[in-house]
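Note that the chains take the letters A, B, C and D in the order they are written out, and that residue 1 is the start of every chain.
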Amino acid sequence: MSSILIQGGTVVNADRAFKADVLTQDGKIVAVGTDLQAPAGTTVVDAGGQYVMPGGIDPHTHMQLPFMGTVTMDDFYTGTAAGLAGGTTSIIDFVIPNPQQPLLEAYQTWRGWAEKAAGDYSFHMAITWWDESVKRDMGTLVNEEGINSFKHFMAYKNAIMCDDETLVNSFKRCLELGAMPTVHAENGELVYLLQKQVAEMGITGPEGHPLSRPPMVEGEAANRAIAIADVLNVPIYVVHVSCIEAAEAICRARARGQRVYGEVLAGHLMIDDSIYRHPDFATAAAHVMSPPFRPKGHQEYLWRGLQSGNLHTTATDHCTFCAAQKAAGKDDFAKIPNGCGGVEERMAVVWDEGVNTGRLTPSEFVAVTSANTAKLFNLYPQKGSVSVGADADLVVWDPAGSKTLSAKTQFSKGDYNVFEGRTVKGIPSHTLSQGKLVFVQGDLRAERGAGRYLKRPAFGSN
Amino acid sequence: MSSILIQGGTVVNADRAFKADVLTQDGKIVAVGTDLQAPAGTTVVDAGGQYVMPGGIDPHTHMQLPFMGTVTMDDFYTGTAAGLAGGTTSIIDFVIPNPQQPLLEAYQTWRGWAEKAAGDYSFHMAITWWDESVKRDMGTLVNEEGINSFKHFMAYKNAIMCDDETLVNSFKRCLELGAMPTVHAENGELVYLLQKQVAEMGITGPEGHPLSRPPMVEGEAANRAIAIADVLNVPIYVVHVSCIEAAEAICRARARGQRVYGEVLAGHLMIDDSIYRHPDFATAAAHVMSPPFRPKGHQEYLWRGLQSGNLHTTATDHCTFCAAQKAAGKDDFAKIPNGCGGVEERMAVVWDEGVNTGRLTPSEFVAVTSANTAKLFNLYPQKGSVSVGADADLVVWDPAGSKTLSAKTQFSKGDYNVFEGRTVKGIPSHTLSQGKLVFVQGDLRAERGAGRYLKRPAFGSN
Amino acid sequence: MSSILIQGGTVVNADRAFKADVLTQDGKIVAVGTDLQAPAGTTVVDAGGQYVMPGGIDPHTHMQLPFMGTVTMDDFYTGTAAGLAGGTTSIIDFVIPNPQQPLLEAYQTWRGWAEKAAGDYSFHMAITWWDESVKRDMGTLVNEEGINSFKHFMAYKNAIMCDDETLVNSFKRCLELGAMPTVHAENGELVYLLQKQVAEMGITGPEGHPLSRPPMVEGEAANRAIAIADVLNVPIYVVHVSCIEAAEAICRARARGQRVYGEVLAGHLMIDDSIYRHPDFATAAAHVMSPPFRPKGHQEYLWRGLQSGNLHTTATDHCTFCAAQKAAGKDDFAKIPNGCGGVEERMAVVWDEGVNTGRLTPSEFVAVTSANTAKLFNLYPQKGSVSVGADADLVVWDPAGSKTLSAKTQFSKGDYNVFEGRTVKGIPSHTLSQGKLVFVQGDLRAERGAGRYLKRPAFGSN
Amino acid sequence: MSSILIQGGTVVNADRAFKADVLTQDGKIVAVGTDLQAPAGTTVVDAGGQYVMPGGIDPHTHMQLPFMGTVTMDDFYTGTAAGLAGGTTSIIDFVIPNPQQPLLEAYQTWRGWAEKAAGDYSFHMAITWWDESVKRDMGTLVNEEGINSFKHFMAYKNAIMCDDETLVNSFKRCLELGAMPTVHAENGELVYLLQKQVAEMGITGPEGHPLSRPPMVEGEAANRAIAIADVLNVPIYVVHVSCIEAAEAICRARARGQRVYGEVLAGHLMIDDSIYRHPDFATAAAHVMSPPFRPKGHQEYLWRGLQSGNLHTTATDHCTFCAAQKAAGKDDFAKIPNGCGGVEERMAVVWDEGVNTGRLTPSEFVAVTSANTAKLFNLYPQKGSVSVGADADLVVWDPAGSKTLSAKTQFSKGDYNVFEGRTVKGIPSHTLSQGKLVFVQGDLRAERGAGRYLKRPAFGSN
């Protein structure tokens, strides 16, 4: 059937880069080599002077998330389509049951919502409560539904926060199942108290947001989750590591040989907390997410984590709300819906600040934008690799191409772009999903519903 | 009235050591200098070749503690008397209310029990639950009863364990009151799970005790308490730091300028966890305390903490149970009453392993056996200092004297001595309490009820 | 021509393991896949239940080294043959010019000696002195002779020691050339003083050796070399990291994003320094190498380095002397020729202590025994990878096979084996070099002179 | 004879603060207590609302230093007088022999220069070369001349730089003598290379100075000196710790129990390296000293060192050159005479940034401005203590007093003040030296030649 030959580029994998053509057929890569011949009917893409890399995987998105009586702007279609435009061909989103809600019920709901996705997708399952049914359903999800990772919110008291008892029980269950526990690391009791204290000081605007969630609140929770994992002898993945304190907790644990992995968001790598003191409420509020952006200095430390291999993946926590939605917190920063976008921009900003500055090699870029995620969540080498047999999810990357990021020109829904005005050098010229050209030189050809659900088996099961 | 002249010794304070005589009158030191004249009727003590130091202060004892339906062997009389025999002239014990019990009621109970003490004493108050009355009573205790330190158990789930919510509330209250929060640092949820897991593995003997409380369980809790204190901007004192992991958490915090203080027990400095695998149940069980003794290597790290000033005080957690009491856990290590002795031996073993080995100077010995505790808990320079105006609580220390420690010869009650058989060089020849000779060359002259309750005002109040 | 099909095994690469057959032809891998067909005349190797891995690369050997008026037991033939017997198909040895000797002259000498090698080989060049000719010759070696790594001895005062001036100059030259500087990290001034001090104390036996080279001597030098590399912005590779102090220096540097790499010897992972106190001189002396074996505790820390990715390669520093040679230091430990064997045993002991204990996955084993070395020294993917186009240097690894290591049964020359008596589980059943079966079920078929010199181009040059 | 009663103040010592009067007679403190009676003829100083503290000790000054063919502006008279005006009553200066110059000859030269001093003074001796005579003279200096500390410059290649051989020999000699080795920690080889590299880049102005001496250059040298001290088992004192890298090396060593001490300069606590990019040459050049001022962030870390007890003393490296002298480096930053002032301002700026901000208590201020120096260099309690028998070197400190620092109003010579324009709150109202009022409410009454040479005996000798 459909066949594409990407000619004359430099193939970049996590382990090395080399000149080669790539041939795809029926959604798979069928050849990687020099001077490949195109079968009749093959579309030829000229990748001269460009890199051919695995399509990006964003391991942390929230499409179509119902939250505080509203729903995020991007649904699974628009969100995954925006990803394709940016060179990201897969996402891992989150099923978040309400406390007491059966896990499988929530899972089915999210599966339904996701059917409209334009790119491939998978799910982490959040553990927001605990009883025997939760424990049992975790088994079903791993063994039958292909979910091998579970998320724990250590913040959001009186809502979806896990206390230590649940954390301990769920981590132990993950170990039994060969699944990866993950945590949103913030000490919820401290956030709860600090939000009250900041309010008592008369601070109601977005500048109160970072005051209520200082870095040590994250560092403590990260250290705690890691220590629990160490004692129970289970690996652990810390989502959106945003600060020195949390990154150091990971470094310390890894130095003692523990299997700890860290994710960092594109936004946390670039943006600092001065934005919360912007005089315009809409601008400041548009940046309200948790953990918040951090003081200058933290960004550089996160880059070092990616360079040293102490941090492993880049993500976005894509979760967009428009100005009207953010205005719910006009008089109380704690009521501003938390979330920012980025699924469309991640690859370009990480390349620009990472590769163009010499911090990362192209191979390291592939590692932190797709391969490591694929390995950690058991999608490799189907995803995250340019090799024979892998899915033909590819991005042809033009290191000379350039673009100014803006809400005005983005494909993602929403009226704000946290990278607004930034000009990046290095952008996708073509994106392939399942062997189809879904983005060509600025032309987005995403197809509603074309995305497939990706089952991720337990570790040790294959 | 009574007057004692200690002649010809070397006075040791935390800041320096120097040749001087010391004259006491009516319970106070009235002169420190060379060639002091003895008023008529003065008792003269020859301290030639000896050190004259502040009497030891043990900041962590449990005399007469009701526990698991039994009571510790040493009451306030025998316990403080044993202390005097070892050169320790003051203790700080703990009032431990049951959950829901009014703090002031428990306080009065303990005050009553302590009236028989032979040496001076003070109390820390444990916070084992939380409501508005607890918050109010903390104020009364600080402002009227001279309690400026509050203890929080992070372990002992379903009993006296503080969760993070109470920790956060109580630490904040301490800050308001100018009081010092202290913690027993072990993650109670992990201990609870591990005790079950160890039992499921069929391990019922004392060797299961350290398996259920590994070092990381303590390291995590220490790090958490320190992080909370950092966020709330309150100092913190970690009791019985037993392992590298907890000591490192303190080091890290101190290196960033935080006011964190650490206490180490004489036993944890000397004894390792191989003792729990002793074939004799009584021997192994006699060492069951929490945190447990640690693998070889941890001891040296604790010494380094004392040397570097990252750890500050030495204590004992003196809490003695006899073999009959320990036998309650014959078939289940989790039921062995936790506790070991040491109030009588602390000074001698710390001298022997600390000063004789070159790890500590005599001045550093004074710092970690009395002066630092006096400073941290606001008893200084009334206690912890050989200076004019200070209480005449003194020990004349014979560096050439020697003794073999044994349950057979100890003054302390109980049928076990965790330092059994150890010969120490450096022992008290004389102990003075309130200017009276209460221990002279092996002769204990402790007086029931002679001890006084020491009020410790809030920081910033004097 | 010659063709071999390895059937039914599990291929292990650094990034993943998967069931596949491997077909080689004319020294290259031509197919990796399931159900491969063997062309006529193909030799079929049954790898059922076994792993098929890249042949090991030992990045640190000294074959045929002239030293202290004698020469090591193993020459390039016997040494590389022993490697093949153990699953190691390539070595990187060292050209070590005398001070003032032209680099190219020494290079030609070593090239001559190496012609008899049975397996492929390459060279690091030692910089033992400095002038403009050395600087110039470094360029020639990189650009024409395929040497892209330079070694610096920070110890061996009055012999081949580099002072800081030479270190700084040579590191800077490496940066210009795209070559990797490497260091033997021990502070030579301290070793010089300590050897004298130990001798003055009357210690002449091998037990003096570790006293004259304590861990901090290595930690200091490692930290210094790394700091210099950081300031000059050049990567650095630390050979034979043997202790916590040096490994921590690497960890710290990596955590700040620096490109630092560490090598660990098989011996340092297993053996502790108590051996130097063995009453038999020959036994103790047989273990004299620098850095020495370290106190218990250091070994575990090195394993953690491999687990965390803070250490990267395993090597042996294979440099064997027989008892008669070692006896030169009978009356003065400083005169014992330094060196131990291991090229034959490395793969098996690292597997046994690494994979069998759960410390390393099979893929991580490949990373630290071949792939990382190949990447760091620019041999990848020609070496270190089971993939189409790579050299057919392969080992078929039998995880159920077992063997007791002994000088009596080893292929390596010499009368001592530092792993004597150790029974390992997991051994090579077949080794292929250049597509030929050179070791089959205990039968060594190494061919004198069959090994080829491997040119390693500068980084950035290909 | 002369008698002064300081009434109604709060006495501050390193261990505590308390309300008390202080009575001095004939240059000594004769009473400290409440409601002291003034003998006839006593001068009474009203210290109501003020602190009475030990006079400051500056452990690092260079008065009258011949350097690069010129001599610093302040000689021993004007320099010590300026100190008295700022509350500093003692200095420790440096004897710096030329390489090959006999130590005792240089010592006598400096003793002669110092006779004009207005306040008490002592000397460190620099070891700038090595032979048997140096070793012997060190003994004479310690045993007969009261010099118990030796300085080693690890930078200034081809001038006074110590190589590792000399460092090792001299540290060992210090151990034998009971003397304290100290180091100026910068890697001289790196500085040498970087100065050339910066020049090759065409950078000739003061902005090149910090580029040629980055923090890692200091961190490396500090770590090396500390490691050598650790191996040789001698304490060590690192002068002018200016950056995170060096402070961390000290922290690490202290955490393992090593006796390491750190000094920090008032300037490094306040000023960052942006000043070197000031467009005015004279301004930028006035700040050229080594180590240079550091990027923002380093200052806070140094404060944390003082808070945690990982750094111990504050000093100034007072070494003033006027604009005309600094102009020698108009075309080459490497030729700008290195040095800045501060002896007059240290106490006030450390109080203002340290105590007024809550970083330090008044007792900690005393520790880091006098008591710790006195203890480390064996002047305690003669200096550094308000106690009976101590020298009457005192400062009455007015916490409400305020002053704007400026070259226009300073007593120190020179035309520049690195704290120019800074308004400090907390200044001396009175300074006493040897029991005489030498500074009263802005009126400086320093007497040429009144200062005495302070012999400092070896440790263990008294």
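We take it that a contact is a pair of C-beta atoms (placed from the backbone, for glycine too) under 8 Å apart; a residue touches a chain by one contact, two chains touch by 3 or more.
This one's a predicted model, so the numbers in the text were calculated from it and none came from an experiment.
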**Message:** Going by more than half of the contact pairs matching by residue number, which of B-D, A-B or C-D reproduces the interface of A-C?
**Reply:** B-D
**Asked** What whole-number Å value describes the gap between the mean CA coordinates of chain B and chain D?
**Response** 39
**Prompt:** Where the CA atoms of chain C average out and where those of chain D average out, how many Å apart are those spots?
**Reply:** 50
**Fill in**
Separation of the C-alpha centres, chain A versus chain D, in whole Å, is 53
**Prompt:** Taking touching chains as linked, do they make an open path (line), a single closed cycle (ring), a hub with spokes (star), an all-linked set (complete), or other?
**Reply:** ring
**Request:** Could you pull out which chain C residues touch chain A in their complex?
**Result:** 14-16, 248, 251, 254-258, 303-304, 307-310, 359, 371, 375, 380-381, 385
**Message:** If we count contacts the way the header does, which residues on chain D are in touch with chain C in the complex?
**Reply:** 163-165, 167-169, 172, 187, 189-190, 193-194, 214, 216-217, 219-220, 223-224, 227-228, 230-232
